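For reference, chains read A, B and C in written order, and residue numbers begin at 1 within each chain.
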Amino acid sequence: MADEIAPEQEPEEKEEERATTNGQVTRRQFLVGAGVGAVIGIAGTAGVLTLVHPTAPVEQAQTVATPSTTSATATASALVEGTKLIALNVNGRDYEIAVEPQYTLAEVLKRDLGLTGTKLGCNGSMCSACTVLVDGVAQNSCSLLAIREVGKKIITIEGLEQNGKLHPVQAAFWDNAAYQCGFCTPGQILGAVELLNKIKNPTDDQIRAAMSGHMCKCSAYPNILAAIQAAAKQMA
Amino acid sequence: MPAAKSYVTPLDYEKMTPEEREWAVLTGRADLDRAMKEGTPRSTTPPASPPAQPSADYAVVGKPQKDLEGYRIVTGKSTFTVDVYLPDMLYVRVLRSPLPHAKITSIDTSKAAALPGVYGIITYKDIPAQVLAGLKPVMASEPALVGDPIAAVAAVDETVAEDALNLINVQYQQLPFIVDPIAGAKSGAPLALSNLQSNVSGPDFKVVRGDVNQGFASADVTVEHTVNTQDQQHVALEPHIAVARWDNDVLTMWTSSQYTHAIARIVAATLGMPYSKVRVISAFTGGGFGDKTAVYPYHLVAALLAKKTMRPVRYELTRLDVFYEGSHHFQVVQDIKLGFKKDGTLVALQADSTARLGAYSRGSGLAGDTLSGARLEYNIPNILLNGRGVITNTSSAGARRSVGEASGMFALETLMDVAAEKLGMDPVDLRLKNINETGDPESKLPWTSNGLRDCITNGASAFNWKSRWQGWANVNKGAGPLKTGVGFMALASNKGSKSPPMTAVVEINVDGSVRVVQGAAHIGGPQRTTFAIIAAETLGANLDQLSVSEPDTAFTTDTGIVAGSRATKSVGSAVKAAAEDARAQLLGYAAAKFSKDLSRTVNPQDLAVTNGQISLQTDSSVKPITFADAVNSGFIIVDGQQVPAAATIIGRAVVPPVTQYAQQTYAAAFYEVQVNVQTGVVRVTDAMQIHDVGKVINPLQLTNQVHGGSVQGTGFALTEDYIYDTATGIPVSSNLDDYKMLMINDVPKITALFVESNDAVGPFGAKGIGEPAFMAAAAAISNAIYYAAGIRLTSLPMNPKRVLEALKA
Amino acid sequence: MRSFKYYTATSWEDAVATLGKYKNAQIVAGGSDVLGWIKDELTGPGAPLADVLIDIRTIPNTSYINYDATAGLKLGALTTLTTVAESSDVQKNYPGLATAAVSPASPSIRNVGTIGGNIMQRPRCWYLRGANFPCYKKGGDFCFSVTGENQYHAILQGELCYIVHPSDTAPALISLNATANVMGPNGAKQIPFDQFFIGPRTNVLKETVLEHNEILTEIVVPPPAANTKSVFMKVTQRGVYDFALVSIAVAAQIVNGVWQDGRVVLGGVAPTPYRATDAEAALKGKKIDANVALQAAQDTLVKARPMSQNAYKVDIAKNIIVQAVTSLVS
């Protein structure tokens, strides 16, 4: 399979783990032995095995939305049980990561890759706080399985700022106080980025339609609308 | 004010939990209680109320300011508790009761414990009897609501923990249960918990003023109705979460909280630990609305499992867990009756309020809270208020943006509209005739300020009320299926008080930068920005010199809870006082510096500070110096003497409570709705709220608060509804599809206007806003629906079902 | 989320064979509903929790929109709702379907959610979606809505179980006389959507005629006959992101204001999308006006058997039939 990592690329400790568990490496065994270090208060890195191409050039965040969402088509059937090593491209960097089939993209981003900007509000596709861009299309990362997202370009909130410069949507959200607690903000911003990549000068109604799944319980909605209009002008 | 003697149920502090005591302070109940017990008011003189100083006179206050934390928010770098992942951490899942009331007859966790990746399990058998989360069991042996925690598993990830939960075998003996508070209050009703004598919790809350029977006997017009407001969950978007780590005998806990110091205090007391050995951190809090004010079972679950496994433990509640374990804005049933003279003068009020407490709230305080606005908004010589709490097998009642006041205001302000029609008066005029602008009739203390009249009249004019509301003859006069109408309400709230604890530190550092140290949650005000503005204005500093500490009990002062609309007024008062202390010291340093440089005596009072520059007022030819110049001068002038001093300034403040005034916030609201009489769908098409905020500190963020309050208040009015299946006692709308919160499409143009009444005790004259903004919606919407479609809706939410049923009735 | 195995299918045949191999396997396309079901651990004797997910998005050529004036519209089952809604062919020739495709859920769900998934999604009944209710659909022996909170439940054709069908696109497809192409162990077959959905009496454990190892692969919509107009309307409590209290899809040939032939289909009122044949009969050959439409609505709703809390839906359904039908001539 195209997304499978060649065995020779796997680090040695991984091989050892596999050897001790009859070919089935699971997170439970892996983590028992892995004393993974992390900075306290920030995301840990448990589960990240290697970071390949750490200096790969960062993709432009403003990927133009493609109209459809498809998986890379399979050429050979495969049944995954337990852990599988996959490659994910996030914010232009390639990560190799061991996942189990049920790991969502959101939990892998946050827990395993340390990209905690993505927020989970409901973990059920009902609030859109966990929105990320997958090949330019806004999707709920809580309801995507990481194992299915191989070969796609994933942009999270961390991937929007370029060379120390905020994306115009980020700047507009700040300038217009388009949030209160700020928890839903990363998802709101990515939803707005997708919209403005699709429609350059949206009407208020187009903004409302595009942002209609993004719950803000603080209800900063009028300012969100104003911020997106301001960003549209900035980007025009 | 009539001379009639009043009675208010006194507070019995001996019998109150720490949380209830805090709540009494927060809601003004404690002030009222003290004043009633003292008998003689400490002051009856209203404060001298000059108009608020115009914003033009200020450098920072009153001008739109961006959030100091904005960069971190918009880049995803803000550290909410859900972003805390520690090395070697375990993840928790909790098995919860499927029954509303039962006794556990056996529980077997052995299979779950044997699952690879499981490191710790706790059940009620592992929890000492005295270890409770407030009044809630950490792990229940007699679950009293669906969702009561039964067993908690710590495992290497959430999947393993969930797999383990399915291996736990629990046998329950079902017990009778009660969901409805009215039925539960009757004798013979099933008891919600086996150790109760009655579901009615404690003595009723009661207020007596004058003689209500005589009052109604003297009334020309009497109106009454029964109002049923629904159970709500706050659904703060960051789920409740606690991450716990033990370092030997020190517990560090990250949690999404509105009050870190209380969490630390209660966790320490519960676990029998010194307060100094519990550290609680909430750098950013992803929404709270009152739901993150208390210690919950999950806090102790995380602490106990971390102790048991000797590994860091993270328990992030699922959304369903939050619906079960989180607080609920309680269902309350109110019978309310008003008596008027022909000219509209109010002569009597009687109200009876029954609040559903859920399984673990107690007392009549919450019911009393629904009645507080009615006691204070209008001049009414004869009052009888009665409130009770009823324990039920439902999720526990607690604070939610206004606590019960929003429900109380809905009952009162819809009935005022009914009365206005019966009296043939403009609803605006009826309010203006009766508003209480003097003070608290029970404590006899005067208001700190009262801008309600201006709220009503300014709003009526800005909304163009006189032409949009066309008299009672024009109710339900629109043609076609879409009917438009306008509605109005006024409100008074005892929230937004200046209340203890109010402590803060303001440091001026060696480089002239300023750090405000305080422990208030950053939850959307945005609080840290507000405090920076207050400190900068007080000091004469530039805003970019300021930074403000994150809540961390190891390093910050206890500035009290961020709830009850108190942060700006209470914490702001502490920050202002600490900044004044720092400023006095700064001027001492600066005077020493000028004295040395100019070789003559310069006194602190000769100096002015603006835009981060300290200048000699008496001699404009002298070049101003910076904060850094001053702090580094090495000396300070104290009482005219030069004293060597370190290159840092610590300003401090502990602000005493307010005892000579009663505190209120005020608002008026004007809403326009469109009622589709074919589908029953109601949409708000125009909303205006006018708030007496005392003084606007940051118009950008203040307007944002009003928008949010208006939308949430509209959700309360139209869609949000936490529904129990009464046959099984299981909630059914415990997901975000069925628990319907408003989205961007539901939001109309919202206009926020402000009245600056210059509060006598608030920082720069400011008072609170969070809760009044929420309260200023539901009654105005109901009144507008009546005007549009001729139906009076007194149960919330006013959804298509209720609208169509009322149209048919 | 509970653990499961994950299978990447290479062809429809492969997916069908794999479904046959694992009793508790389920196919996954967009995943919104399937994963929600697993996350909420909705399970019972008649609804085992999926332990194998078969990815059909890995099958080549499953997402497409082909239109021509003679063959009509062909939609790959894995075409996202966003793609369907934004297709100019769909918008131009089947405006009712285009509106229906933009109506469900939220943009970020429609960006992954497929047309096939929208048709195949499980109902939203809060008893079915509550893990603690062992209702008929989970293999239990009780419907909690009958004596319970039934404000959103069926007003027509409820028996045994009173769910309402949640799909927005299904009524639109039935109104357009669309057909499902299905792959099964015996190869491909066609099933008109009119006969695709089944009520609780037929089989309470599922909502369609498809067997466990049959998969919806393609949707075929015939070319619109001359003078066809179509419309989709939906009544919700919130402005957006809400399941229908009542929805309606109408497609009809109308000449000089006269209803020649057409279909009226309601969503949110019955366990299946409800073909209002009584309304169709009442409209046939009539010059459409408000009175004729009202007669059609009354003929339909006379059969309604509302429960204790949902009579208001009868009013909504009546009114929305009048609105939708008259909108075709306005």
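Here, a residue touches a chain if its C-beta (ideal position, glycine included) is under 8 Å from a C-beta of that chain, and two chains touch if they have at least 3 such contacts.
Only a predicted model underlies this, so the values are computations on that prediction, with no experimental measurement involved.
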Smallest count of steps, each to a touching chain, taking chain A to chain C: 1
Pair joined by the larger number of C-beta contacts - B-C, A-B: A-B
Interchain centroid distance [CA atoms averaged], chain A/chain B, Å: 34
Where chain B and chain C are represented by their mean Cα positions, the distance between them in whole Å: 43
Junction residues of chain A, two or more chains touched: 100, 102, 123-124, 208-209, 211-214
Junction residues of chain C - those touching two or more other chains: 1-3, 40, 239-241
Multi-partner residues of chain B (each touching 2 or more other chains): 158-159, 735, 737, 742-743, 745
Residue ranges of chain A touching chain C (in the complex, touch as defined): 1, 67-81, 100-102, 104, 123-125, 128, 131, 137-140, 143-145, 147-148, 191, 208-214
Interface residues, chain B side, partner chain A - complex: 66-67, 69-71, 73-80, 82-89, 116-117, 155-160, 234-239, 254, 284-289, 318-319, 523-526, 700-701, 704-705, 707-712, 735-737, 741-745, 747, 749-750
Residue numbers on chain C that touch chain A, as the complex places them: 1-10, 14, 18, 28, 30-32, 35-36, 38-40, 52-53, 55, 57-60, 62-63, 78-80, 82-83, 86, 105-109, 111-112, 239-241
Chain C residues within the chain B interface of the complex: 1-3, 40-41, 124, 126-127, 129-133, 144, 147-149, 151, 235-243, 245, 309-312, 315-316, 319-320, 323
Residues on chain A engaged by chain B in the complex (per definition of touch): 26-29, 31-32, 35-38, 40-44, 46, 100, 102-103, 107, 110-111, 114-124, 126-127, 129, 156-158, 160-161, 166, 170-171, 173-175, 177, 179-186, 189, 207-209, 211-225
